[in-house]
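Structures incoming, each one as structure tokens.
Two complexes, one shared chain (chain A), two partners (chain B, chain C).
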Partner chain A sequence: MSLPLRARSDRRGPSPLAWAALLAALVAIAPLAAAVMTALQPGAHSLTAPTFLRYAGASAALAAMVAVGATVLGAAAGVLVGLHRFPGRGLMAWLLAAPLAAPTFVLAYGYADLFDVAGPIQSSLRGALGVSPDLNVRSLWGAGLILSLAFYPYVYLTVRAALAHQSASTLEAARTLGATRAQTLRRIILPLLRPALAAGAALAVMETLADYGAVSFLGVQTLTTGVVRAWSVFGSTAEAARLALPLVGAAAVLLWIERRSRQGRVSDAARAKATPLALEPLGGWRGLAALVFCVGLIGLGLALPLGWLAHQGLSVEPDTAALVRAGRNVLILAVLGGALTLGLATALALGGRRTPFLTRLAGLGYATPGAVMAVGLLAPAGFLWRGVEGAAQGLGAGVLLLVLAYASRLTAAALEPIGAGLERVTPAMAHAARSLGESETGAALRVELPMARGALLTAALLVFIDILKELPATVMLRPFGFDTLAVIADRYAKDERLAQAAWPSLLIVLIAAPVVIWLNRQVSRTARGVTQ
Partner chain B sequence: MPLARLFNRRLTIGLGLAAMLSLPLAACQGEDGKRDDAPADAGVVNLYTARHYDSDLQVYEAFTEATGIRVRRIEMPASEMIERLRAEGDASPADVIVIADAGAMGRAAEAGLLQPAASDDLVSRVPQNFRDPQNRWFGFTRRARVVAYDSAKVRPEEIDTYEELASPRFRGKLCVRNSDNPYNISLLSALIEHWGPERATEWARGVVANMARPPQGGDTDQIRAVGAGQCEVAITNSYYFLRMAGSENAADREIMQGVRLGFPSLDGRGSHNNVSAAGLAANAPNRANAIRFMEFLTEAQAQGVFAEVTNEFPTAEGAAVPERMRDYAARPVDPLPMSAYGPRQAEAQRIFEAVGWR
Partner chain C sequence: MTAEVHIDQVRKAYGSRLAVADASQSLAPGAVTCLLGPSGCGKSTLLRLIAGLERLDSGRITMGGRTLSGAGVHVPVERRRIGLVFQDFALFPHLTLLQNVAFGLGGLARAERRARALELLERVHLADRANAYPHVLSGGEQQRVALARALAPRPEAVLLDEPFSGLDGALRETVRRAALELIRETGAACLLVTHDVDEALMAADALAVMHQGRILQTGAPQDVYQRPTSAEAARLLGPINLIPARIADGVAFTAVGEFPASGAPAGAGRLGVRPEDVALTTGNALRVRSVRFAGGRWTVELTGPDGLELRASVTGTPPREGETAGIRLDPGRLSVFGSEKN
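The block that comes next holds the complex of A and B.
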């Protein structure tokens, strides 16, 4: 049925949309291509096989721990909130996504200090018991635990969204056929949720593999810290890029999993009738247990580490002027970067529909470790610096470069929600517009985008939050005197002054939290049958 | 326009917000509001620095006050800085490069990113072993990489050499950070230079055998672990110890009660030291200002700020040392030129890998 469209656009050559998509793909792929080219350069092999295996093993173990941890926690929270009624459910429903507001390095600061051998917990235990138990979070286990708590919201959100798209009739049929609550959960709900769990877990694992801030602070040596080590100690960008290739490969696999599971979900959504699921009341101790579980999750994922950091921060005088400047800087970057990334990702989503390979390639940037992207970004940045008079000096050129860097790294993050939003617009609607005389670009601008505007806003806000937390590209490419909150936090942490690092860290969370909560509310509004 | 209607108010608000945010941005020229109040505009000096201490901000302000030259800066780790300078090439705006490790500074010089700075003041003020033989970089603050120890369990003479840190006396009783750290790499580089690779490898193996826990945290965390009784000795930079000993935080002072700083000696010649160094960028567009800035770092005022605020030892001949750190600053320093650290970095890292020092 798309035959007439294709014939028409072929006759006229590529539409403006297709050109825009190509441009967007170029921006997104350039750093990754540069990084791969760096990796292929001949260079001294300073890395021994056992060391490589140790890094890869740690990355794999961490990914496995987070896959299990984040999935179990996120699924439990999603099913509790999505299918049950218990005291405090409304509040919990929107607070449960809040840990996404905190950069992982901030959680790592808080936990490492809390559980340090000279920290409050071990010190008081030593005082009370005479011995201190080994509660060290600066370990593989600690990192697995902290990252699970940081990333369970991905699974929580995908599960909530999936439940919102399920029709009540399936569950009712199961119950009328005599299935118990446990049987319904095991035989009906969990199989239905499988694609959502896979998608959420894939996102959590992708973030885990690319994480540098938390693992390096916790002293866990993974492929990402290996990348930085190869770079900073051996001075070998080629070695660094080579170490990153397995990560890019893993990202490709994870994206494929995520995409496949989303396809399943969409077809369900199309069929689902708007009969919202009835919430099962949890009375007495069950309700209380559900509440305690949710409060515990939010407490461990956000309140405890942040509360401790805030407590530490209160003992020092913050450099208010610098914080205000850094806050202003990062807001400028996040707004501009969010807008540009949204534009590029939209062009790619609309114009790249006939070239899915291009879109998928552009998606790889998201899961590539920031340090590797930074290596890759330097090559195109070098062209700008050397080719344009004054570009290496100027503030404007510096900001532009950073915004482009964010766009190339985060286009994939924006692509996911935009793609999902556009899939809800059926081809028939676009066809109707075309038959009424709209061009392909016109149909996209005047029909499809307005219908998917909720998804566009979601995408822009996701990028906004990621830019708030971004570190490696900002550190490396920023212009003179242009610090962000994350840069300041990192500087204090490197100087081993956690109390000072607490202030910028908390500010990041304070700015991001309302946005995260708003995004989460979008999900729960969909759950009540309100689509946009 | 339909597209505009689609975003209607949100877009308007967003654009308005962006415009509001960029107004102060355009006005402030990206630097710390230092545009009108300088005595006379004598241009700028563009600084790339890997240091991250508050003392430095005070020194920049003092420099602008004294010379009218504004300081524009970007802070980033040494490896990122080296790559950025490479990518910028001839177009690089960098005038002065500051790195808190003689080894990494040597790598920058080796990569052709620095040029000799012709300044008699710098050459006469900074002792030969604290600067590059070709005068491409000059150390302006010094720190000793020494030992914090539990005075209840360790006698000072048990740690008066680096060899003793690897002896069975401290099996399971030593804390040290990981081997990515430039200060550890430069320490092992110096040991290789003195002892040769075999003996240095044996030493590193002994230290690994003595570790009370897998390497983790920064130097401050190692000192705290001594205070908490998890280890008896910890390898640390001197300024972290001095900062904690003088801390206003009650918990820090409490934990520091029984912790002392010991200065092991390398073959009887002195302790291993490192410097923060400033180098003249290869393509410095403001060359005269750059040299003026480097000279300022070694003058009495700046040397005093680094000592007071960051607890680093001065490198300039005859610079004053605050009373509370005079004893520590007077300890003998290994006379090996620090330019020897750079070429040994990769070898040191290979030894760390081989002996399992993570």
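The block that comes next holds the complex of A and C.
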């Protein structure tokens, strides 16, 4: 039987996958574009230059403090764990990432209360010294310290990943050329880590600029708190958008730094013969000091503020009904938002492989603060709702907006593991499927995605945690009365009911912590070359 | 600057796995000693022990009479004055070629350091690229920089860990010849670790054959190749026929004839002969099973009595498959080994 082979037209337009990728990129970038357009619209300017400069100055100062603080702490922890052996190292290696499980506002609540004039630290100092030192963490300094403790894991993780890609022979070569261990650290390791430090610091600064919960609770007025304030107090989307503009610019710059820092890692990783680094044993007091440093960092970054908050929480009766409702709400949002985000990210990963520009667009969404996303969605939504009778009152409309905001912001975060998972599937496998008669889309669905399912799970969990912790976009976009755990924590805290705020805060950490730890272990396993 | 390295009864185990089992070897100054063995035989571990990157369990390593490792001593890597060239070259990606080569010259003044590094780059013909970064270089060029870097601090010994295996074909031989010439000129003792038989035979002044953590035989390459002391050592250097034999009064009796075996212990044994030392004659003791062209020579497989299988590598007109043949063995090219059990 010989059927004539029907030749397809030579004019090959973009495949369905490419179209899906384009659509995904547009969804991810739309709110951002809308925010910029809103900002640029002519209109009455209620925003004065001094106010704007004050906000921008606070944002810049905070970003600088966190860049230094998080980098120093994260690099020290990363080098300690990545290159040395000491008692408890295995446990510390993954516990050091645990602060990522806590939203920053949880740390802010804990520390603000601990250092309050009536709090345990000031009280005992007064008792011991008879004077009351000024230890107010509700300040720029306090915010800088707290966010450094919250965000050092970004640097820690990039440093660990970078060290995992280094070949042992580079360090051994330095030693055989007469360099001592300390000289090797200074002359080889730190220069080689520079891109990783830049990438980690860029992530930490991105998060700092985007932070709303901690910063607003600590009373620091930054651009991001200004965005939320402009909208909630003055009801002005235009003003909010104008405040958001420098944030978008900063996001683009940070994203560029982060991406550029990663170049070259590929060529290092491609050297298949690279042998993993040998761990330098730290004996005696040095080993103990290393352990104390790690425990201290985890303690200050998570255990101490969380413990104090838990202690406070136990003194009150929680509003169980509200907590259950909020938990259910955030679960609904996480499932819907996660599904949309994963779908968009998968489309981008499969269809955007030949068009890196699309993935970069999505990356810009990730770098943009959630508050800015919300502003971008509010302006067109307001226009839309006015046209459709009763739409603004509906629960569905608000949830839809929220889910869109999450997807815009998190698509790039999900893209990362999915892209990496797909990279492990060799082109030959897809080609084999094509040669057996599958279309490009078919090969992707039947071969590539099933093989990358571990990566899809990782991506889903990353998105889940981010939605669980998200505050500013949720505050601004949620339907009336539709509270999440983060939202009720924020409301209690602003009402100075910290003990009540402790309950939703702790719930978030309890749900997120196991996931964060599991994810971190997955990452360190793949770094060592163990897949799945 | 010219010190002999002695490795004496060195042992290293990882858990229950013995990586290096009581290895002894000397590295003469100005000479290239090749350590040959299959991957996982412990040759790289031995190199790392000499460099000081690993601590030995027992034994001793000395250089110029000074103990580097053993008897409670472990001189740190950075104080051994031993140069090391890695398989992946391990150039520092953030430093220029000049900075790479000058890395180990910390004790010199700035101007001297620069001059010495440039001198070395000159020697490997890369002085004009002194300010380039390693990633723009080809594999062969990177290899040359790695060598210049290792030689710059005037090490007393140089260790090379499969330094040419990342290079291919013709380039590999050129780079190797130039590299070893340069090392010999410095007068440093040199250990070249490789799993490539041709490389070892061509490059070595002295050859050591290693298998399962043990050094089986040491000597001039030609001697080790032609007069292996064990079947294992013989096999590591290339295909060899092992013919079961009964040895009595200095004669080896085999299914294909009697051969002189003076000095060999009486009893069961094996006769070893390389395929190229098997000459075919007319006769009917063996049958030709297959004939394959192997580029300039023919590989002939023969079967004989008692399931004997032989391989001959011959020039000229080969026999045809199915024909019968006899063999003649050059008595000077025969080795006698014990039987398989010992």
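Operating definition for what follows: the second predicted complex is superposed on the first by the 434 of 532 C-alpha atoms of A that agree within 3 Å, B and C clash if a C-alpha of one lies under 4 Å from a C-alpha of the other, contacts with A are read in each partner's own complex, and residues count from 1 in each chain.
Keep in mind that, in the parts below, a contact is a pair of C-beta atoms (placed from the backbone, for glycine too) under 8 Å apart; a residue touches a chain by one contact, two chains touch by 3 or more.
None of these values were measured; they are calculated from a predicted model.
**Student:** Going by the contact rule set out at the top, does A:355 touch chain B (first), chain C (second), both, or neither?
**Tutor:** neither
**Student:** Who does A:175 touch here: chain B (first), chain C (second), both, or neither?
**Tutor:** In the superposition, A:175 contacts chain C only.
**Student:** Name the contact category of A:336: first (chain B only), second (chain C only), both, or neither.
**Tutor:** Only chain B is touched by A:336; chain C is not.
**Student:** Using the superposition on chain A described above, determine whether A:167 touches chain B (first), chain C (second), both, or neither.
**Tutor:** So A:167 only meets chain C here.
**Student:** Under the stated touch criterion, which partner chain does A:139 make contact with: chain B (first), chain C (second), both, or neither?
**Tutor:** first
**Student:** Pick one for A:439: touches chain B only (first), chain C only (second), both, or neither.
**Tutor:** neither
**Student:** Quick one: is A:191 in contact with chain B, with chain C, with both, or with neither? Answer first, second, both or neither.
**Tutor:** second
**Student:** Would you please give the residues of chain A that touch chain B in one complex and also touch chain C in the other complex?
**Tutor:** Of chain A, no residue contacts chain B in one complex and chain C in the other.
**Student:** Per the contact definition, I'd like the list of chain A residues that touch chain B in the complex.
**Tutor:** 46, 48, 51, 112, 116-118, 122-123, 126, 132, 136, 138-139, 218-219, 221, 225, 228-229, 231-235, 237, 315, 325, 328-329, 331-332, 335-336, 339, 374-375, 378-379, 381-382, 385-386, 391-393, 395, 445-446, 449-450, 453, 457, 475-483, 487, 491-492, 494-496, 499
**Student:** In their complex, what parts of chain B are in touch with chain A?
**Tutor:** 2-3, 6-7, 10, 14, 17-18, 21-22, 24-25, 29-32, 46, 52-53, 72-80, 82-84, 86-93, 107, 111, 178, 180, 185, 213-221, 224-225, 227-228, 230, 240, 249, 255, 345-346, 349-350, 353, 358
**Student:** Across the complex, what residues on chain A touch chain C?
**Tutor:** So the residues of chain A touching chain C come out as 167, 169-170, 172-180, 187-188, 191-192, 194, 264, 267-268, 271, 273-274.
**Student:** For chain C, which residues are in contact with chain A within the complex?
**Tutor:** Of all residues in chain C, those touching chain A are 51, 53, 76-80, 82-84, 86-88, 90-94, 103-104, 106-107, 135, 146, 149-150, 153, 166.
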